[in-house]
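In the two complexes below, subunit A is the common chain; its partner is subunit B in one and subunit C in the other.
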Partner chain A sequence: MIRKKILLLGDFNVGKTSLIRRYVDNTFDDKYLTTIGVKISKKRVSFHDLECELLIWDVEGATAMKSISHTYMKGASGAIFVCDVTRKETITNLDEHIKTFLTLNPNANYVIAYNKSDLLTIQQREALDISGNTFLTSAKNATNVDTLFITLAKEILL
Partner chain B sequence: MKNIQLILNAILSKNIFEYILVDRDLSVIDASAGIEKYLDKSPQKGEDVLEYLPELVGNEEEVKKIFVKRYCLYTLESVYKNDYYVNISIEYCDQNMAIVLLHNITAVTMAKQNLLQYSNESTLLYNTLQKVVDSQNALLFVTDAEKILFANKKFIDYFQASDMEGIRRKKLDLYRQFNARLENYHELFERVNDREEHIKIGEDTFIIQATLIESTHKLFTLTKITKLSNAVQLDPLTGVCRKKYFDLKLDELLKAKVNFTLVVVDIDDFKAINDTYGHTVGDVVLKEFSSLLKKSIRQNDLIARWGGEEFLLALKMDDLDKAMDRIEVLRKTIAEHVFKTVGQVTASFGVAWRNQCECDDAGSLLQRADKALYKAKSAGKNKVVLKKIEKRGKNCVV
Partner chain C sequence: MPKVARLKSNISELEQLKRLLLGPELEQLEKLEAALQKLDFQSQDQETIIARITPLFEKILLERLENRDSETVKILSDHLAKIISESSKHDLPRLSQALQSVIAPAISKEIAANQDVMVDALYPIMGSMISKYVSTAIKEMIESINEKIEDGLSFDKFKRKIKSKITGVSETELLLEESSDALISSLFIIEKESGILIAEAHLKDKEISDPHMVASMASAIKDFINDWIQSNTQKSEVQILSYGNATLYIESAGSVYLIAFLDAEPDYEQRSGINAFFASIVKEYASFFQNFNGDSRAKEITALSEKMQDYLTGQAKMGTVKKERNGKNPMKLFFWLFSLVLAGYFAYLLNGWYVEYSLEKMLKAETGQEVRVEKEKGKFLLTGYVDSMNRLYEIETLIKTKSGMPVVNRLFVPIKKVEEKIDAYSSKNLLPVKQLKTRVKVMERDFNRSLKQMHEEIFSLKQALDRSQKRVGKIKSEMSGKIERLKSEKQQFKRIVEIKKEIASKLDDRFKGNAFYRPKELALDFRTLNLFPAGKMSYNDEAIARVNEAFATYLSVLSEFRDYIGQIVILGHSDSSGSDDENRKLSQKRADAVKAYLLKQPEIEKYRLDRYIVSKGMGSRELVMINGVEDKEASRRIQVKFNFKENAILKQLQKIVND
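Take a look at the complex of A and B:
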């Protein structure tokens, strides 16, 4: 079976672990427990006759003092860049994360998750300019979580 | 091979390292007995090591280079596996075998995680607090005795700095702006603590307020009250507003349809004070008098010096009777106060009530209050007199 390494990258406390838990186990916990190092989860996906095991790397979030280890990024087929839609600085920092990742993996695919959308009002959600490979997600209410992962997987495989 | 096994056994006996031996195709040759705690089951000879260590997926080619270069090329730190944290590294053994070492770092990583959790939560709290202070319209800054330690964005922008480092480099010494004789921020704090003072910075005037955070740290708030074009809006003797600024604020109150009373206050027999004690003492009385007025009104009321010994007040109150009671208290406060040098001084109060009548503009209000003041003086001084608006048909007559 094909195995593909994908990473979730972004600042700390944007909901990377929660997105993976929602996608892999369909669970959610409001409590913030910071990730240290890396934890790998597996999820099988199939498109037509193509079956693939996604190896989803939940990587420790970046802080002002510590950026994401390049070792974790090497050899990835794709990445999901996650920001907290309520914290502007996490959106601003996305560009830097994407740039670093693509330098190490120039042929990789990626999608972007504007996470914690459940905290926005309808008007705030509508005011956001979300299109292309960017998704307004919520690990809490599962909005667009499957779509996010499946879109990336298709980009990588098809 | 035998030597390696001996060395490994010695290391493994301390339960810190576990290993998997792999061949050039990354198939399992052997594994230590304790490896199972990280992997659920023991790898069997001939199995693909990637089944057990998916961490290596995507880096297979890099791992295989070890058989050519003969040194470690690939290490992964702090990998979570079955409730343990391990460092994974690959070492060259011989041309047909490499060893994948799993170094148990659970204890130290858990300690690190606690620290990271605390650090991240603190950062989140700090960022939130930063946003709160940056959202304030006032200029906020925190000092120790000598220097500014923290400032909000409004403050940094006002002084045209890019960050706190820029503010520090400017050495603003704002206490000197307030009074050239002040030596540091502690002295500024002592001057402005528990009261509202004005400070002029460049061409702008601010209300400065101080709050004690700790004995060593003070929070100062600067609220801008003037714009560049209205350079001198404070009466230099008494420190209260000048009539021009008061007029602007009066117009704002009228436009906002706020209920208030306009009061013209005149010190009784002030000419006699000047004639008897001289103008220097007269000035001291004016300062003391304005200070009494300031202390007796609320923060959102207005006070101005009209000129000479006349002052203006705008007291925001919905109820006329309550407003009259407050003015009467004010009259008594002044009458009972013992002024330096001159002793007791009284004042007369002319009052106009701002109602919803359309013709009630600033001019007519002032006219009514002034007429009321004249009546108070005529009636023997030290009195409060209200001049009500008269209605004749649809018209208002002052």
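Take a look at the complex of A and C:
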């Protein structure tokens, strides 16, 4: 069994925890998140005869008053950067999050989740230029949630 | 149980109660009953009537209690106490069960509703009780500690005293530490940055469910605290996390850290032990930790987990042993020690006895002799009697071989046995005296004959030896004479060689650049002077003057060595014309003529070497050849050479050396 640490990073209230809750059943109580700023979940994924357990660190979202702890970011093999498609500043801030993460983990992989896509109209969704390692996701209706995690796992292991 | 039956069983009490409580009413009831009996209930039995009346009675009683009728309450109180007392005598468990179901919820309810009041109410009882237990426990602990401190000559005591002196920690505190070693139930090795669990080990029945999640969460908590510590400008890292009885001891090194799950906070000694173990792990697996990629199938993890498991099991056993040791009574220990020593001594005796017995048995089997074998001061003492001397030594050898130990042989062969042996031998081997005498005579005669022959041989050998000695003496004196002479000749030879070298050196010096001088031969050769016309002995005047000049120089050198010079030879030569005899005569005449001339010259006279100078005709034996053709003018020449007095000796020495 191969185990990898991955992070969920993004601004406050972009839906990171909801994405995990949708993807993972087994989680620690949410009170850890409010206490120390991180909630850890795990999920087992299999593909191409490879079995892997993702230890998912849901790091408390950054706010103007509080930045994300760098210590939590260290040692991660990958990250999911999450933004809220309805809040432009959360999309703008992605670059900063990615830069910080890659500084600490130069060899890590990542994917991007444009979350809360259920709030977009069909026209808005089609207007968005989404490709490569970026996904339109919705924790509410489970759009692309599995794909998001599986893609990252493949990026890390293959 | 039906109500009627219950009432029946307690009929007397009930009757009493009725009369007390319902005196007037009962009177009325009795009247009524009498009336009823007269009227409607004549046909009814008494029990039926009671059953009909009882509900009325209960209703009345209930009304009175609800109205808190003081009289009724008083009566009930008195009789309830009495009833409970009686009931407890007959069936206490049932009464307890009945009361428990009522009292326990009531107390709980009361405590919940009026906590402070209940605490105040119970404190005088519970508080003093708890205080008493705590005091007793502390007292017992202090007594135990004091006992240990005052404990006799135990090794632990001295160890503790020394440790106390060195560390400055009181003996009491050390004792408290001794009695409170924390138990490590689980060990985790976790990659520092990712928080991924690399290896784990647990005591039996102490497994942690979902260890990977726990490891990650522990990492997150550790990171959180470390972040906080470092933001407070401290450089240290969190080492202890405690919650209730659970304690996590954390130690970092390189790319990993270790978490030990304990049931209490570890003391300094225990931490040192954990750290030492962790350091050994990090040292051994440093490379693996550096390159760990999250793959739990790595073979190193199996070995590492086994090591951790061994450590855990070992420390758990150590803890048990320590507790057992602490709990042991010194007297018990002494008793066991004494028993052990005693058992060892008996085993030693038994072993010694067994060895002796085995050897005796072996000797009996192999030699048929009954001998006593005893072990004494590292040796085997053999006592008893044996049949013969051979047996005596055979037994000694057997014991030495079998035991490998030294033997003190005190075995005896009885005189009687010896005599028997002698008799047996005599009867078998002795000859009659007459026969013996004859044999002795023959031997004596043979001996004398041999002796005479030996004398003769010795005499002849002695004569031969004398002769040989004389011969050796003669040879020795001859040899010593020869050796002396040889030594003398050797000295002379050495001197001649030296003189020859000296003469050569001087001649070389004097005749440097002179065409007449021949260094190799130490001679003068006048071949270039055309000294003689063909077939004539008369010399050229001008040329002879030059011969004289060179000869004088030659003599000036030789005169310094006159004691060693034998002859100075003037050699005359002819060319190849004519016969040998004519040439020999002609060459002799030429040599004579030159000698006569030279002897008259004043330069020669002054050296007074006349008697040394001789002349000799060489004929045409030594012609001068140039490119294979004779130079006849050159052949007609004069040479001058010299030889030493010891020339003969020189030849003889050379012969000896060559031989």
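Everything that follows uses one rule, which is that the second predicted complex is superposed on the first by the 147 of 158 C-alpha atoms of A that agree within 3 Å, B and C clash if a C-alpha of one lies under 4 Å from a C-alpha of the other, contacts with A are read in each partner's own complex, and residues count from 1 in each chain.
Definition applied: contacts are C-beta pairs under 8 Å (C-beta built on N, C-alpha and C of every residue); 3 or more make two chains touch, one makes a residue touch a chain.
If you're wondering where the values come from, they're calculated on a predicted model, not measured in any experiment.
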Consider subunit A as the common anchor and indicate whether subunit B and subunit C clash or fit when overlaid. clash
Quick check on the superposed pair: does A:Val38 touch subunit B, subunit C, both, or neither? Answer first, second, both or neither. both
Given the touch rule stated above, what does A:Met1 touch, subunit B (first), subunit C (second), both, or neither? second
Touched partner set for A:Leu55, first subunit B, second subunit C, both or neither: both
State whether subunit B or subunit C is in contact with more residues of subunit A in the superposed arrangement. B
Of the partners subunit B and subunit C, which touch A:Glu89 in the superposed model: first, second, both, neither? first
Considering only touches as defined above, state whether A:Thr71 meets subunit B (first), subunit C (second), both or neither. both
Which partner chains sit in contact with A:Arg125 here, subunit B, subunit C, both or neither? Use first/second/both/neither. neither
In the overlay, answer first, second, both or neither for which of subunit B and subunit C A:Asn13 touches. first
Segment of subunit C that clashes with subunit B, given the candidates 3-11, 147-155, 255-263 or 327-335: 255-263
Quick check on my understanding: which residues of subunit A belong to both its subunit B contact set and its subunit C contact set? 3-5, 32, 36-38, 40, 42, 55, 69, 71-72, 74-77
Contact footprint of subunit A on subunit C as seen in their complex: 191-197, 212-213, 216-217, 220-221, 223-224, 226-227, 293-297
Residue numbers of subunit A touching subunit C in their complex, please. 1-5, 26, 28, 32, 36-38, 40, 42, 53, 55, 57, 69, 71-72, 74-77
What residues of subunit B sit close enough to touch subunit A in their complex? 50, 54-55, 57-59, 62, 75-80, 85, 109, 112-113, 116-117, 119-121, 123-124, 127
If we count contacts the way the header does, which residues on subunit A are in touch with subunit B in the complex? 3-5, 12-13, 32-34, 36-40, 42, 55, 60-61, 63-65, 69, 71-72, 74-77, 87, 89
